[in-house]
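Two complexes are shown next, each including chain A; its partner changes from chain B in the first to chain C in the second.
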Partner chain A sequence: MMALFDVVLVFTLVLLAWRCVTVTDVFRAIVVFIVIGLLLGLAWARLEAPDLALAETAIGAGLLGVLLLGTWRALDAGERHACGHHRAPVPARWLAGIGSAGFGLAMLVALTSLDGHPGGAGELALNNLDAAGTEQPVTAVLLNFRSYDTLLEMGVVLMALIGALLCRAALTYQPRAEDVTVDTPLVPVLVTAFAPAVLLMGVYLVWAGTHSPGGAFQGGATLAGAGVLLVLGGRLHGVPHTALITRALLILGTVVFTAAGLLLIPLEGAFMAYPADFIYPIMLVIEYSLALSIALSLLLLFTGTHGLRRGES
Partner chain B sequence: MTEALPALLVFIPFLAGVLQFVTDRRGIPLLPVVTTVITAALTGWLIADVAAHGPVEHFLGGWEPPLGIRLHADGLAVVMLLLTAITGTMVSVYALASHGRHVPGASHFWALWLLLWGSLNALFLSGDLFNIYVTLEMVSLAAIPLVLLAGAGKTTDATLRYLLYALFGSLVYLAGVALVYGIAGTLDLSLAADPLADSGFAGALAASCLVLGIMIKAAIVPFHVWLPAAHGGAPAAASALLSALVVKAAVYLLLRLWTDPLAGLASAPAGQFLGAVGAAAIVYGSVRAFLQERLKLVIAYSTIAQLGYMLLFFPMAVTLAWEGAVYHGLAHGIAKAALFLAAGNVIAYVGHDRLRELSGLDRPLAISLFAFALAGVSIMGLPPSGGFIAKWLLLRAAAETGQWWWLVVLTVGGLLSAAYMFRVLRFAFLRSAGATVDHQGPRPGPLRVWPTMALALLAIALGVTAAPILALLGGMP
Partner chain C sequence: MGVDVFAIAAAALMALGFYGFVAQPHPLRRILAINIFGNGVFMSMILIARWLPDGPDTVPHAMVITGLVIAVSASAFGLALIRRQALNRRSEPGSTDD
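Take a look at the complex of A and B:
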């Protein structure tokens, strides 16, 4: 039964991917892209990688979809039409198609020849979970064994935000009045009902990361989702200027993470080594500060502004 | 304390960049100045330590590989750190004038540049394939927004093209990393070498992905199409960083991977192929540089050509070629930064960089143009300069390995670079009929002129400091 489900899933994914690159209407391409994200989440779940499934659904399908739809809304009718009908020259399309097919085939051959490698770093990580201060292997890798990667990724998030804001500054697009005013009574009610629940889920996901699938990135993305709801419902507005508190929250995760690493060098002898008795509280503090910074960064990517302000309604 | 130096070299500029983002304009110029001084001093300390006691290692979090990530400061890494510190310090001084507190976008410039400095240090010190992916992403994402600082909307197209190429390169590299982990069960550069050596098709595919991804990031022909508009359009201080350091970091990675994890897979035909790509880059980049009508585009195309020389290491793969390629990276980085800063001074004074309208510049901008000519000497590979030493080492390597065809490439490349350099100088000097040029801006101040001159003098000085630097680098691993 599950085998049949898997086969259907794989074929649907391939079919949707084909649709996504061939469809001429940009809006449809975006919708198909979001569906692909959701199905990829399912595929990861079937591969018993719940952390990836959560991340793919929250970030790949959810937030990325929101960002794409926001961009689509910023285009006027002519641009929408033009970018759907702008086609790469035929040789380039053939090159891309043949290249992708060849690469996929080569990967298939290479991956099937691998033996899953017993005794590799993954097995070592599972055997060292006690020393890592968490029973969740993904969190142990992200926040302890390879916490350096995670910390540097926070820099990536910050730089991507700076880049997006600089890029955005060059655009002349201003949200039209009908885009930001809410003309149905349903939206405020739904926001009032959903936003607290989504917030709670985000906070839970971050905490859950210490012992089961979840963590700062998935939780942060969910928190950002709650923020997007509030923006859409008119409870929050993007503003062009930035407040010190906003910038401080954006870097909170990076600073807490780096400070924990640097301050403990004299005690532990290595950067980012934590004393065994305090690993759990240290990790929890780091997770929550990371999640806050990630959530705010993603939300500002959505509004495309330097700051946020509470709405009147 | 020295064991902590690699981590500090990453996190002091990294944290300073983050703080610069928070403090906005108020942090300028104190935060950048303090960070530059501390980072340069710590780099000097680490270099002195490596020169005296050999490589320094740091296991992050106290976890040894394959479980954790290893920072590794060996000869190659510290030579690249040296290049970053020298160029970075001089560009920082220059940017105090060009991106002072009241210049629009100054806060973003400094935040991105300090983050870029930390990212570059992280890349050079990393001993882990996946961590290198993260640092490559950081370097790209710090570098790309720098191009946008040219002004609202001017470079958006160039930046987006750069972004798309960089992301595509990252994805291809990441596919290679995933395959390496599948083959070797480890991401550590040295530990992965043995399992990769006899891994058949999967290993070959992994190596191809890693090399291809890096080549896209390094703007090696035919993946160079994003570079000229991005490097030519960015503000001068940013162009200097992008051309001297960012693309160089990708080529460094090629040298690192080839001689460590991929050493068992590196075959002679693959080496000859990379050498041929390098030769194509040298000829193509030089010819295009000669045909440009704008000063900064000449310099940008020259970068495409000069990166090709570093690829000549792969077909020869002897110690002389190793020294030549790395020394070329160092000499080119410093000379190229000087060229871009000099071009920045021209643009600040004249308001444009159209070559045919630059005659008469030699009088008001004497020092900047002199610096341009001196740096040009190194780019052409004339003695006594860093570029000459590098090309001399490569020539000797070609003779030693009996691969005479690289002698031809090196000679032709040198002549072509002389052609495009002298063409620029001819427009500025020889056709000079007096101070005919219209200028829009004030004459560049000492903070803009002297870092340019200092870099140019250093590019020449590298012609006599080869012995200690090559001793620091050590032989081919």
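Take a look at the complex of A and C:
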């Protein structure tokens, strides 16, 4: 039964990916891409990766979809369609098609012919789970065993945000009429009803990361989703300057993570080694500060502005 | 052992992403194509993670989460570049899009 489900899921995924790269309309391609993200979440759940399923639906499908649609709206009609109609010339497309098919076949052969050599890092991580301060292995790997990765990742997110804001510094931010006025009374009501629930879900997901699927990234993305909801409903507005508190929150994750690593060097003798007695609270503090920074970074990537303020309504 | 259907999906996503990147010159479409390719790579990593006998290997899972967040950040940066390019084009009326 589940095998049939997998086949249908994979077939749909491949079909949608084909549609996404071949359909002429850019808007349709974006919508198909969002659906692919949701189905991928389902596929991750089938592949025993619930953390990834959460992350994919929240970040990959949800936030990236919102960002793509926002960019699409910012382009004018000519830019939306002009390039769509003159695709690469036919011989080049054939060549690309043959090349991609060959590449795909090679990847398939590689993926099926590799024989599993389990062990190494994965087994080491599972065997040392007790030392990590969290019962959830993925969170343990992210925040403890491979904490350098996560620290540098926070740096990448921050750099992407700074880059995006620098690119758009020339755009004088003026909320357009359709941004502010909401033409249906349903939207403010729905925002009022959903935003607290989504916020609560985000906070819970971060906390859940210590013992079950969830974590700073999934929770942070959900919090950012609540922020997107508030911006779209007119409760939050982007402003072109950064308040000190915004900057502080943006770097909070990186600073707390680094500080926790550095301050404990005298005790433990190594960077990012945590004392076993206090490891759970340390993990929790790091996780929440990471989630806050991620949420605010993603939200500012969506609004494309340097700061936020509360709306009048 | 037969061919895992998800291995087919991973290979197909990578191939289609690559094809889309070459065949569709629209910058937004290219970002979509890169992300489809990336999803194929993530799927192969998750397949490799299933080799561990006692439960899935969490190290590739954590790497994929890191990768996802970085992919979205990089895409957001790319989207900001697209907006800026559109703005520049609009401010010089003589230019045509290429």
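We take it that the second predicted complex is superposed on the first by the 296 of 313 C-alpha atoms of A that agree within 3 Å, B and C clash if a C-alpha of one lies under 4 Å from a C-alpha of the other, contacts with A are read in each partner's own complex, and residues count from 1 in each chain.
Convention: contacts are C-beta pairs under 8 Å (C-beta built on N, C-alpha and C of every residue); 3 or more make two chains touch, one makes a residue touch a chain.
Keep in mind that this is a model prediction, so the values were computed, not measured.
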Room on chain A for both chain B and chain C (clash or fit): fit
Spatial angle chain C-chain A-chain B, Cα centroids [nearest 10 degrees]: 60
Superposition-derived comparison: chain B or chain C, residues of chain A touched: C
First (chain B), second (chain C), both or neither touched by A:146: both
Contacts of A:243 with chain B and chain C, given as first, second, both or neither: neither
Which superposed partner A:262 touches (first chain B, second chain C, both, neither): first
Chain B versus chain C as contact partner of A:270, first or second or both or neither: first
Contacts of A:189 with chain B and chain C, given as first, second, both or neither: neither
First, second, both or neither for A:88, with chain B first and chain C second: second
Touched partner set for A:285, first chain B, second chain C, both or neither: neither
Which superposed partner A:251 touches (first chain B, second chain C, both, neither): first
Partner chain(s) touched by A:197 [first = chain B, second = chain C, both, neither]: neither
After superposition on chain A, the shortest CA separation from chain B to chain C (Å): 5
Those residues of chain A which chain B touches in one complex and chain C touches in the other: 107, 111, 114, 117, 119, 121-122, 125, 145-146, 149, 153, 156, 160, 163, 167, 170
In the complex with chain B, residue positions of chain A that touch it: 106-107, 109-111, 113-114, 117, 119-122, 124-125, 128, 144-149, 152-153, 155-156, 158-160, 162-163, 166-167, 169-170, 242, 244, 247-248, 250-251, 254-255, 258, 261-262, 265, 268-274
Of all residues in chain C, those that touch chain A in their complex: 3-20, 22-29, 31-33, 35-36, 39-40, 42-44, 46-66, 68-77, 79-84, 86-87, 89-90, 97
Residue numbers on chain A that touch chain C, as the complex places them: 3, 6-7, 10, 13-14, 17-18, 20-22, 26, 29-30, 33, 36, 40, 43-44, 46-49, 51-52, 55-56, 59-60, 63-64, 67-68, 70-72, 74-76, 78-79, 82-84, 86-88, 92-93, 96-97, 99-101, 103-105, 107-108, 111-112, 114, 116-119, 121-123, 125-126, 137-138, 140-142, 145-146, 149-150, 153, 156-157, 160-161, 163-165, 167-168, 170-171, 215, 217, 294, 297-298, 301, 304
Chain A-facing residues of chain B, complex: 3-4, 7, 11, 14-15, 17-19, 21-22, 24, 58-63, 66-69, 105, 108, 111-112, 115, 118-119, 122, 130-131, 134-135, 137-138, 141-142, 144-145, 148-149, 152-153, 156, 159-160, 163, 175, 179, 181-187, 200-202, 205-206
